[in-house]
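Below, chain A partners chain B and then partners chain C, in two separate complexes.
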Partner chain A sequence: MSSIIIIAITAIVVLYLGLYKVKSALLPVSVLGLLGAAASLVCVWDKNISYFNDMLVFNNYAIAFSILLIATTILIFLLSGNYFEKISSNVAEYYTILLFALSGGVVMVSFQNMSMLFIGIEILSVSMYIMAGIKKTDSASNEAALKYFLMGSFATGILLFGIALIYGATGSFNLVQIAGKASEQPLLFYAGVIFMLIAMTFKVGVAPFHFWTPDVYQGAPTLVSSFMSTVVKTAGFAAFLRLFGSAFTSVPAIWTVTLVVMVVLTLLIGNITAAFQQNVKRMLAYSSISHAGYMLIAILLLGQASPNAILIYSVAYSIASVASFGVMVAVKEQKGSDDLSAFNGLGRTNPVLAFVMTVALCSLGGIPLTAGFFGKFYIFGVAIAANYTWLIAIAVLMAAVGIYYYFKVIIAMYLRESENSESIQLSLAYKFVLIFCIMITILLGIAPALITNIL
Partner chain B sequence: MTEQLAWLIPVLPLIGFLINGLGYKKNPKGLVGLVGCATVLGSFILSILVFFDIKANGAKTIDLYEWISVGTLKIPFSFLIDQLTSIMLLIITGVGFLIHVYSTGYMHDDEGYGKYFAYLNLFVFFMLLLVLGSNYVIMFIGWEGVGLCSYLLIGFWFKKTEYANAAKKAFVMNRIGDLGFLIGIFMLFSTFGSISYADIFPQAQTASTAVLTTITLLLFVGAMGKSAQLPLYTWLPDAMAGPTPVSALIHAATMVTAGIYMIARSNILYVLSPISMAVVAGIGLATAIFAAVIALTQNDIKKVLAYSTVSQLGYMFLGLGVGAFTGAFFHVMTHAFFKALLFLGAGSVIHAMGGEQDMRQMGGLKKHLPITWFTMLMGTLAIAGIPPFSGFFSKDEILAHAFEVSPTIWAIGVGGALLTAFYMFRMFFLTFNGKFRGTEEQHHHLHESPASMTIPLIVLAVLSVFGGFVGVPEALHGSHLLNEYLSPVFGQSTQILNAAHHGHLSHETEYALMGASVLGVLISIFYAYTVYVRKEVVPAAETAPRSGLEKASYNKFYIDEIYNAVFTRPLDSLSQLFYRILDKSIIDGVVNGFGQLTQWSADKFRRIQTGYIGNYLFMMVVGIILILVFNFLF
Partner chain C sequence: MINYITVLLVLFPLLGSVIVAFIRGEQAKNIALGFSLIELAMAILAWTKFDYANPDSQFIYNQPWIESLGIHFKVGMDGISFLLVLLTTVLVPLIILSSFRKEFRKPHALYALILFMQTGLVGVFTSLDAFLFYVAWEAALIPIYFISAIWGGEDRIRVTFKFFVYTMFGSLFMLIGIIYLFIQTPGHSFDINQFYQVALDKGTQSWLFWCFFLAFAIKMPIFPFHTWQPDTYTSAPTVGTMLLSGIMLKMGIYGVMRWLLPVLPLGLMQWGQTALILSIIGVVYASIIAFTQKDIKRLIAYSSIAHVGLISAGIFALNVQGMQGAMIQMISHGINVVGLFFVVEIIFDRTKARESYLLGGIASKAPVLAATFLIILLGAVALPLTNGFVGEFLLLNSIYEYGVWYAIVAGLTIIFGAVYMLRMYGNVMFGKEGTASANFTDVIGAEKLVLYAICAMVIFFGFKPQYLLHISEASVNNLLEIIKLKMQ
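On to the complex of A and B.
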């Protein structure tokens, strides 16, 4: 709980700092606040504290995911150095809104009561609607914000409807009590579950409710997209699993067939469409859809191993995404484009950037000795344990397609010649984040046991 | 102590690799050499400490972390440091350090200096991993790692096509062996449910002999590749394309003995399978003789040493096969000393000759390269098996065990030893005695090598002379320290073997055997002396007519050509056939079909993403309706 308070206070302090034009203090204060929030979480590890009549419960699951969300946010903040200043004059608002979004994310991973789930999702979503449209003069950014908002509110409506139905069936918002009374009004209850399923799959961008993702990711400023594809997605999946793993496990899994179809559709659409893209940012947007498909497998086949599988996948995916988005921002800044051709010859002009990108893409593709390999490995392990071999076959085939489009970038970087040979200058913090990300990626690829057994 | 510091032994060279590898363009030469040598020296010092710790307190297992844990498969990243490992550590880091020092002189003018040291450090890292691992998977990582470094270093001067081809050949030949090794590991896991030594060896006796025979033969296939035994040895002579210190370190002293280490490590499995023991001994003996016969007629100084390495490795396998585990391992050790010495000496000669390797161009180098001459003489005496040089004791121990199993094997083994003495002294006399046969320019260029190269030679010469005293047999009133030290590793196997058959040789028999082999070797050396010093015979030129056996030996029994005709060419034609029919039309068709299907469907999928929010919402609603209908009406 204290972490949420610290994040919220930091956000307000940052807003005031902006008001008094202390621009140089924005980043340090935000990062310090976040470190404080993370520290307060570490202190309550294994304590299982609940707040406000079990509205929020900070068990280890909540703490692990909260720390991941905070860490990812810190990395993105460090990348943003002067990025925000270039695209807008109101820099403080960026930090503030992202911090508020993060507090919503922490609520989403620690809720024990469906009203808190709703509040968390709304805090996060409303912040993100604003962030998507923060480039006020850019029509693409505005379009992204409007689309996101319209479709998001549509999904919110469905979520509320689902919560209402479940409340009608069980008379409670509390996950534990819902699980206890699930079988009393089966029809109402199942209808509620299906509506919540639809809403949650929308929030994490699973087909056929993925339409917002590519357009919003492309329209929004790149670092905001990276926040969406990491923090927002991780929080969404953690909430999804928390909801289904604790409240709905007492009834037969009627959602299985629906989710299987969604997984297959998501994997197909995400990967195959990504293969077609010539724009790296859009390619990453589609590939983030496909990653949602892999993570959904762990929810589809709820089991003991699911929380850990999702956590490993989220960690691997988040750090690799931050690194690849970071490289993309740097390239775009110099070349003015994030098309595939902008990456030509990067291996020669900027060996470090190219190497970071290569490791990040290998991790996203699931190549061994990177964290991404073990992310997929444990997800597939969940499916194998549930005898879904055919699903794994599809997932592996689609992972191969993934390798194809990730390697298009690597090929461009190393085998194509670039037109100009100027190297890109990066600030120290920027380099630190990129190298930190790939070091973690490789470390977890060599020693996955560091995180495989914590949940 | 060991627990806290042992992990540093492999990590130090890895750090050296990172420093030299990342800065291979920028680091100044002095720093490169310093980092390269100092890291290995650090490992050597730690290895000495570990050695005494193990001697005092026995074997240790050091768990670093759980690496992979899936279902019943658990692969810990942990080290097992016992007597066998600690001696290997000393050999690798000790000889490795000397060769690093030597390299600072030998490679000084090479433009790839930084890259060279990076590779060499990486090699030491993987080799240490190979011997430190507490299970077969870690060993396999090291095994593959040293293979990679060997490939990189053989092809170090990759701009010459034939060198690059030699590197490829080594890699492919090793892959054939690795496949066997890998299947062996899989079978070990399926039989014993674990890949850790500590789990497998105690329950070895529960497995059936047939299973053990299959496993051990598969592992031996791996050893054949890595340790260059018939029929997979052809890569090693070609591997001489790499820089000479590399030949000394990787292709003589350390990597090629990995196969022997692996079998010595798995000794209990082999002992329980008499068939495998016989196969190992048979292949070892055949290789020892075969390679020695080829070495008789080679004119390239490094080729002679290469075939001699193959032959000596054969002796080591013979030792393993007849149950002389300590003897085989003893020979690994002494061979590391004298063969590294001989290679480095040859390197010094080649250095002085300005890159010339053909002995027909040499001669009379004794007065120009006195230190090289003297140290190489020590090495040659050691490999020939003259007492009390180190090679005598180790070879004698193997041959004595062979005699216990069968006098015939002993006789053939001694025959090989005579050939060894002959070709080694042939090489020695052709290089150092007689008149100089090279060009005027080469003659002018002749010089003794710098101290960085001669000091390692001297140290290795001392080791080659006195190294054998750790294993003086009982018959000569020695106490065989090595045998005592290694007894915890091989104790159980020795018991099983002793229970099965043959008693010990009497001291009189041992004296007779030693006397016979030493006498034979002396005659053989004398014959070489008569031919190459007294009569000053110089081997005939490339094109000169040769008689039947000589011609066959000169042409290495046409093994490369036979492999070419029997395997490579039919495979080539088959692959051509497959390429035209199967690949071009069928597989390409399917693959391209998938590609086109992907492209086509991507195009279609892309069109769904219209950008119109109305369409999106419409499709979402359709999706929701479908889900509801599906879930509630069916």
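On to the complex of A and C.
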């Protein structure tokens, strides 16, 4: 709980710092605040504290995911050194809104009550609507914001509808009590579950509710896209799993078929469309859809291993995404484009950047000895244990397609020549974040036990 | 020290790779050669301590890696593994030495990748844990992809990418199989002995068979999964081609022997004959295509498909001659094909031509090359008293036991193979002087050294094949007993 308060206070302080034009203090204050919030979470590890009549419960699941969200945000902030200042003069807004979004994310992973879930999702979403449109004069950014806002509002309505139906069926917002009374009014209850399922899959960008993702990712400033594809997605999946894992497990899972169809669709659409993209940012947007498909497998087959599988997948995915988006921002800054051809010859002009990108893409593609491999490995393990071998056959085929498009970038970097041979200069913090991400990726690729057993 | 020899063999090249990666300039290749020679010395040391009579793995090193999943870093060598480790450790220094005269862009990166690949290869041949096996399997693929794609010839990007995606695809299916078997193991472990204890029904084994077979068949490659191979062999730089054909394709054969046959014997009963027929089709098909090739590198690539098809057929025949023949033939083929590709590289380096009609009359200008080439070639076509003969004889014998007609088809093809190889030799070495080979000069320095070393091995193991056969004998018999027992 104290972490949410710390994040919110930090956000307000940063807003005021912006008012008094203390630009140089924005980043340090935000990062310090986030470190404080993370520390306060570490202190309550294993304590299982609940707040406000079980509205929020900070069990280890919530803490692990909250720390992941906070850590990802810190990394993105460190990358954004000069980035935001180039886009707009109101830099403080960025930090503030992202911090607010993060506090929404923490609420989402620690909720024990449907109303808190709704509040968390709304805090996160409203912040992201603003962030998508923050480049006020850019038409792509405006389009992204409008699209995101309209479709997101629909999803919110559907979510509320679902919560209302479930409340009607069980008479409670509390997850534990819902689980206890789930079978009393099956018709009402199942209708509510399906509504909530649709809303949650929309929020995490699963097909067929994925249409907003590529446009929004491409229209929004790149670092905001990276925030969306990491923090927002992780929070969404953690909430999704928490909801389905604790409230809906006591009744037969009639939503299995629906979810299976969604998984297959998401894997196919995400990967195959990504394979045809010439723009790296858009390719990463589609690939993020496909990753949602893999994570959805763990939710589909709710089991003991699911939380661990989702956790390691999100850690691997978030870290690798931050690194790859980071490299992309650097490349775009110099070459003015984030097309595939902008990466030509990067291996010669900037060996470090190219190496970072290679490891990050290998992790996203699931090559062994990177964290991403274990993400997929756990997910596949969950599915094979549940005898969903045919589903895994599709997932594996799609993983091969994934390797195909990730390696297109690697090929461009190492095997194609570029016209200009200037190398890209990076600030110290930028280098630190990239190297840090790579080290974590490789470390978890060799010793995943560091995080696999904590839940 | 000797108890840790296996893990040292696996990890030492990795250390070398990291060090070489930071060395700029010409020294990189010398240091890489040094590391590979120390590795060879370690392998020979292990040879002196190796217990021939023991069919089980020796020098086992076992450390928990990911305890919660039952994953161990478990490596060890029985006779089958040890022969292939020997092959790897002998060939890598030769391959490095063979590239000494060539100028590469970024030599440190190339040699670091070669050493990294050696870690993957030795890892594959020594893993006693399915998970480790998979990781090593991929760790061997990634460096060779970059070697072929960065230093390769024309059209390299497309060709090597096809190779990479193709093999990756196969290994992902193997991953499914491994995870499935892991879940079935009694103790939830990736340990090979636990895998051997899994008893599944026929239907399950039959689809698992294909999960594994696909990965191995693509790697070898067996018809019809071979389409990546000729292009990749041709466009890769010669060091890459040597690594691919000399060592890497043995990963597939080894995988069949170590994992496929003993773990899934019922699947084998169902599909073994199909696999054998595919292998023999590969022999015939590749030989016919090789006959029409003008590019000598491509010709050798196709002849390699034919050879590997015969080896694989011998294994699926499931008898002692077949297995032992496969073992010794893997070694001989590794040595010979590296020699052949090296000769092609020498010729290409001087003439910039690989087409046999542009070449000719080289023998009079380069007698040393002509003589050594002839010896290697005779080994490759399995003349008696060369290293290729024993293996081919045993393999044909085993196929004969399995079915007479298979042996007739395969045997005739092998004779056919001798024809096109010798015809190629005649065209290139004798005949009218070609336009490209007018100013040919004979081999010198490091080239000579490599060729002499290979010829020495061709002749020595032709006379004394038992030095190799003894190493794997106990393990092969043991393996066959396990399979036969589980088939009943």
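Odds and ends about this structure:
Definition applied: the second predicted complex is superposed on the first by the 455 of 455 C-alpha atoms of A that agree within 3 Å, B and C clash if a C-alpha of one lies under 4 Å from a C-alpha of the other, contacts with A are read in each partner's own complex, and residues count from 1 in each chain.
The rule is simple: a contact is a pair of C-beta atoms (placed from the backbone, for glycine too) under 8 Å apart; a residue touches a chain by one contact, two chains touch by 3 or more.
This is a predicted model, so every value here is computed, not measured.
With chain A as the common reference for superposition, the partners chain B and chain C occupy clashing space. Judged by the touch definition given at the top, the superposed model places A:F161 against neither chain B nor chain C. When both complexes are overlaid on chain A, the residue A:V257 reaches chain B alone and has no touch with chain C. Put chain B and chain C next to each other and count what each touches on chain A; the higher total goes to B. Once the two complexes are overlaid on the shared chain, A:I269 sits against chain B while remaining clear of chain C. Of the two partner chains placed by the overlay, chain B and chain C both lie in contact with A:G381. After overlaying the two complexes on the shared chain, residue contacts for A:I194 are found with chain B alone; chain C is out of touch.
Of the two partner chains placed by the overlay, only chain B lies in contact with A:P214; chain C stays clear of it.
Residue contacts after overlaying the shared chain place A:I392 against chain C, while chain B stays out of touching range.
Legend: residue contacts after superposition of the two complexes on their common chain; A:A449 is shown touching both chain B and chain C. Only one of the chain B stretches 38-46, 164-172 or 398-406 carries C-alpha atoms that clash with chain C in the superposed arrangement, namely 164-172. Shared contact residues on chain A (touching chain B in one structure, chain C in the other): 377, 381, 447-449, 452.
Against chain C, the residues of chain A that register as touching in their complex are 367-369, 377, 380-381, 384-385, 389, 392-393, 396-397, 399-400, 403-404, 407, 411, 414-416, 447-449, 452-453. On chain C, the positions that touch chain A within their shared complex are 65-69, 134-135, 138-139, 142, 146, 149-150, 156-157, 161, 164-165, 168-169, 172-173, 175-176, 179-180, 182-183. Chain contact summary for the complex, chain B toward chain A: residues 65-70, 77, 598-599, 601-603, 605-606, 608-609, 611, 613, 616-617, 619-620, 622-624, 627-628, 630-632. Contacts from chain A toward chain B in the complex involve residues 146-147, 150-151, 154, 158, 190-191, 194, 197-198, 202, 208-209, 211-212, 214-215, 254-255, 257-258, 268-269, 272-273, 275-276, 377, 381, 401, 446-450, 452.
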